[in-house]
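Per-chain residue numbering starts at 1, and chain names A, B, C and D are given in the order in which the chains are listed.
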Amino acid sequence: MYNFRTDMADERNEFYKASNDLDKDISGIKTSQFIENKHIRRNTIDVLNKNAEKAIGKPIGKYVTFDLEDLRYADEDEIEESASIIAKELKKIVDEKMPESDGEVLVVGLGNQYVTPDSLGPKVISEIEITRHLKKYAPKYVVDGAKSVSAIAPGVLGTTGIETFEIVKGIVENIRPKLIIAIDSLASKSIKRISSTVQIGNTGIVPGGGVDNKRMELSEKTLGVPVVAIGVPMVVDLATITDECLNVLIGKLQDEAKSNEYLNHIKNQSNYDEIRNALVPDDFNMIVTPKEIDDLIENMKNIVSKSINYAL
Amino acid sequence: MYNFRTDMADERNEFYKASNDLDKDISGIKTSQFIENKHIRRNTIDVLNKNAEKAIGKPIGKYVTFDLEDLRYADEDEIEESASIIAKELKKIVDEKMPESDGEVLVVGLGNQYVTPDSLGPKVISEIEITRHLKKYAPKYVVDGAKSVSAIAPGVLGTTGIETFEIVKGIVENIRPKLIIAIDSLASKSIKRISSTVQIGNTGIVPGGGVDNKRMELSEKTLGVPVVAIGVPMVVDLATITDECLNVLIGKLQDEAKSNEYLNHIKNQSNYDEIRNALVPDDFNMIVTPKEIDDLIENMKNIVSKSINYAL
Amino acid sequence: MYNFRTDMADERNEFYKASNDLDKDISGIKTSQFIENKHIRRNTIDVLNKNAEKAIGKPIGKYVTFDLEDLRYADEDEIEESASIIAKELKKIVDEKMPESDGEVLVVGLGNQYVTPDSLGPKVISEIEITRHLKKYAPKYVVDGAKSVSAIAPGVLGTTGIETFEIVKGIVENIRPKLIIAIDSLASKSIKRISSTVQIGNTGIVPGGGVDNKRMELSEKTLGVPVVAIGVPMVVDLATITDECLNVLIGKLQDEAKSNEYLNHIKNQSNYDEIRNALVPDDFNMIVTPKEIDDLIENMKNIVSKSINYAL
Amino acid sequence: MYNFRTDMADERNEFYKASNDLDKDISGIKTSQFIENKHIRRNTIDVLNKNAEKAIGKPIGKYVTFDLEDLRYADEDEIEESASIIAKELKKIVDEKMPESDGEVLVVGLGNQYVTPDSLGPKVISEIEITRHLKKYAPKYVVDGAKSVSAIAPGVLGTTGIETFEIVKGIVENIRPKLIIAIDSLASKSIKRISSTVQIGNTGIVPGGGVDNKRMELSEKTLGVPVVAIGVPMVVDLATITDECLNVLIGKLQDEAKSNEYLNHIKNQSNYDEIRNALVPDDFNMIVTPKEIDDLIENMKNIVSKSINYAL
């Protein structure tokens, strides 16, 4: 498998096609696009068979991506409208995975609340409208037939010493929800997508995609409960940027100097490791992020939490 | 049982004796005191039988209280010394409950991190030295024979929708620790003890003693693992203060006016409900707390987290 | 002057009348009430002469109080509506004090951001829409004829070592605004008003009314610029509560025991000092506050900052 | 002048020499190095004349740089030792600029507390031991002959609408300190120096060097009071990294392909603008920073604030 360095299904699909000089999607990948409004585009990728799964390294399932333009500092109306659009799709996915309208949903906010670009999950959790305890202890405050919603931010291995998977599994076994919605920060290859894109997938999630090491996956296979994943890119890896930078330069050199065999060779092999060694100190986990990341996360927290609250 | 309105074993014992006009401890209660240094006194209460348990509403076991004087704004040396003193006792209790020196300990920070006077537990968690994941993934970084430590802040029912007990039980079943240490904010009857007293008990804890409603207990009985509890009073209930205020006044009136039957009657019956109705609005959860509670919690977080790190 | 232990003009007026057994307002005090909607009542007190100023210890001027009922956890629509109502009155007061519609306004957030119940001022500042630098460096982004708005949180004497007055005076001399709007946390005598009442005054403010010691006043007299003050009660002093508690009890005793001279005597003299000595430790600054103060301040921050943004 | 893209005097000196193919420092630049201990190296650059000032774009004066190795997560002893070493040099510079040992010092924390990598200044301020108000209101708590210390975090133009210079000037005119110490986040060209280097200069500072736009300088010339600057690199500009990345690659290509005229040409001209256009979106302020920046700032806050407290 490629080292995609992105958690976004659509970026992986593009990368796969580019790497193999393909004009169109391979069999087993179905893509479609939709303009929601002047700010929001929706991109859907269906991974239909094992072949496609292997190509882009994403399990069979559906991946819906919302690209939000000029909404990094959205006003209240824009947040409402964006959340409604995303909620509609989220609700559809939730309903497919959990037909009973009054089922119990556990919302899981992945990531480390003390590391700014990794804090989206825990921050969203603090805005989710919790009803599970009301249904149990004060049912008169809950509308009949409403879903029962609980939420937890399990922290990360480095601060708890416990795998996220172990914590979630323990809770699932005790409270037996019918569906899990997991929120996480992701990595993208594109600076433009930072805090501007929301990906919803119906096949689970591997915690720590964005800024931490990969961990045991949360999915129906491992937990016995369907897992809907909501992810937002918050960082681009520094090595990704430098690699991209090299490709741009080499392309430029080739245009001028005409085909240069050595350049061609460098471009084809991945420069990733070489450059990482030259530029990125080993003992560091350098990320590229907007200076205003603290504000951007507040904004995205509002959009994502409202999307979930509306969908449930 | 009395409505003690305090989680402190020694306060309950005093209250019980005063209410029953007793000069000394009842059979089944054994108390001792020790001066640690000019700032710190240690108070030990052993609850030895069912009779004592019923009298003060605390399960059979040992309760050690450290009263810290003039240490609300401790400097670094004072924090170190206090933590060492507390750690010594804590280690003794831990060793009794878990003889294997390299056993696995789960530290649980109870309380709501977004409610200042209830945030001690989650704040302590963020300072605990976690080693469980190192033992598993990077054993060379861990001293041979060291304990394996993990930590979690499970949140509160109101923000997760899940009983703290259910979360902790799920984790315990998955990671199977040999001992739990639980930290919580408590309620005291005495303003002087706020952020100045540390109680260690070896019989578990009922989450939410301090500022939340009582919940299902965490104990060896319910979890199958011994639970050592560390609590620090952070608030006094407003009704407790007003009740106390009435008792002071009535005592004063009686001194002056000589035995007044009506006053006597009022003093003997609890004025609690009456006064609460007159003074404390129903829809409020009013607490009495020092203005500087944010700073005090930082201070206490340092003392408690160091105590635990040293003891483990 | 009385020790009012409240910064609210209407509470002082009531207290003055009660203490002097008056049925109606004294000459020089004019009061009026208005029901804004089912949640909000507006109370206006005009202090018209030196006599009235002396009686209630508030300078000649206008004090408008909005009591917000059931809005401690307001939803977005309620916040909008409340802010609009308050903004209308605030705009009227601003326009009286600064007729030029494009004048420069300096918003000052008083209080200590690291002490939760004193943090309203600094928190509101972070939500104010600042335009002064745009007018100067990027005028095309500012509507013609709009006010120029700047904002500062000067901190408190204990953390800066500098009087708030000295800081504000220095800034005023350098940027020469036409009007100052100052926001501060206040003390009230009533638990019900905590985080539920907004007082607007047109005569300046003495920083630290709520939870800190009184400091040099910010007013047109001291700064040469009109100062509009916005205050929200966030705490009740513990001694205030205990005093109130005594009055309730004594009243009750008197009802039952018929006129009791000694009780009468106690009620007439202030029990404040006596009780404070008996109950409230000296070295403490104990406050009574709702457990949920962190959340309440977020809510009030939204209402107040929107009120200011709409008014300007 | 060059676009140095670094605020560090030693990096600028190296860059100047490299750009002009010089083996040693130009006349007017004097450099020296000193090994403080196994973790800390001290680098001193004296800018002695106008010629040197023009070459590296730093005013005539002294610039001392401490490089801290392996201290990003320092324990308490390491923090103490580092702070003592830095404090010794800081004290020397302070004493030169303000001979009176009991003079008044104003500490200014530059930067935006709500933008993580720009928050060092305000965070340090909250740890400074303030004595000015004690000297005034409670002199018995202050040692005779001690300095009078006050501190302020003036915010940034974008959130106050007021130039930092205007705020500081107003305060200086009102409280008339004898010396200013200003702390700011800086930009470096080297990832290795992020949160690992402390630069002390005796000639003032231009706020916003690190992550904001350049603003009016704080210096003896503009404020009438000497200004000692303490800066810590917290970010590297993304365009700087990509430029560096190109240089590494071009060097590598040249080694292999032998002297290639076009490559040579590219290497000599600055690739900065070209690459910025290709890679770095215009409407973004992308920075490169360690994932763990929140923790690193806590660590550096402790070192810098203790350095200042010890020096004063």
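Keep in mind that, in the parts below, a contact is a pair of C-beta atoms (placed from the backbone, for glycine too) under 8 Å apart; a residue touches a chain by one contact, two chains touch by 3 or more.
What you see is a predicted model, and the numbers here were worked out from it, not measured in a lab.
Undergrad: Using the contact definition stated above, find the chains touching both chain B and chain C.
TA: Of all the chains present, none is in contact with both chain B and chain C.
Undergrad: Compare the two sides of the chain C and chain D interface and say whether they are made mostly of the same residue numbers, over half shared, or of different ones.
TA: same
Undergrad: Measuring between Cα centroids, what's the chain most distant from chain A?
TA: C
Undergrad: Could you give the separation in Å between the centres of chain A and chain D, each centre being the mean of its C-alpha atoms?
TA: 37
Undergrad: In whole angstrom, how far does the Cα centroid of chain A sit from the Cα centroid of chain B?
TA: Between these chains, centre-to-centre, one finds 41 Å.
Undergrad: Distance between chain A and chain C based on Cα centroids, please, to the nearest Å.
TA: Inter-chain centre distance comes to 45 Å.
Undergrad: If a residue has to touch 2 or more other chains to count, which residues of chain B qualify?
TA: 114
Undergrad: For each chain, which other chains does it touch, given as pairs?
TA: In this structure, the chains touch in these pairs: A-B, A-D, B-C, C-D.
Undergrad: Could you please specify the touching residues of chain B with respect to chain C in the complex?
TA: Listed in rising order, the residues are 114-118, 191-192, 211, 235, 238, 241-242, 244-246, 248-249, 253, 256-257, 260, 262-263, 266, 271, 275, 278-281, 284-295.
Undergrad: Which stretch or stretches of chain A touch chain B in the complex?
TA: 114, 125-126, 130-134, 148-155, 157-163, 166-167, 169-175
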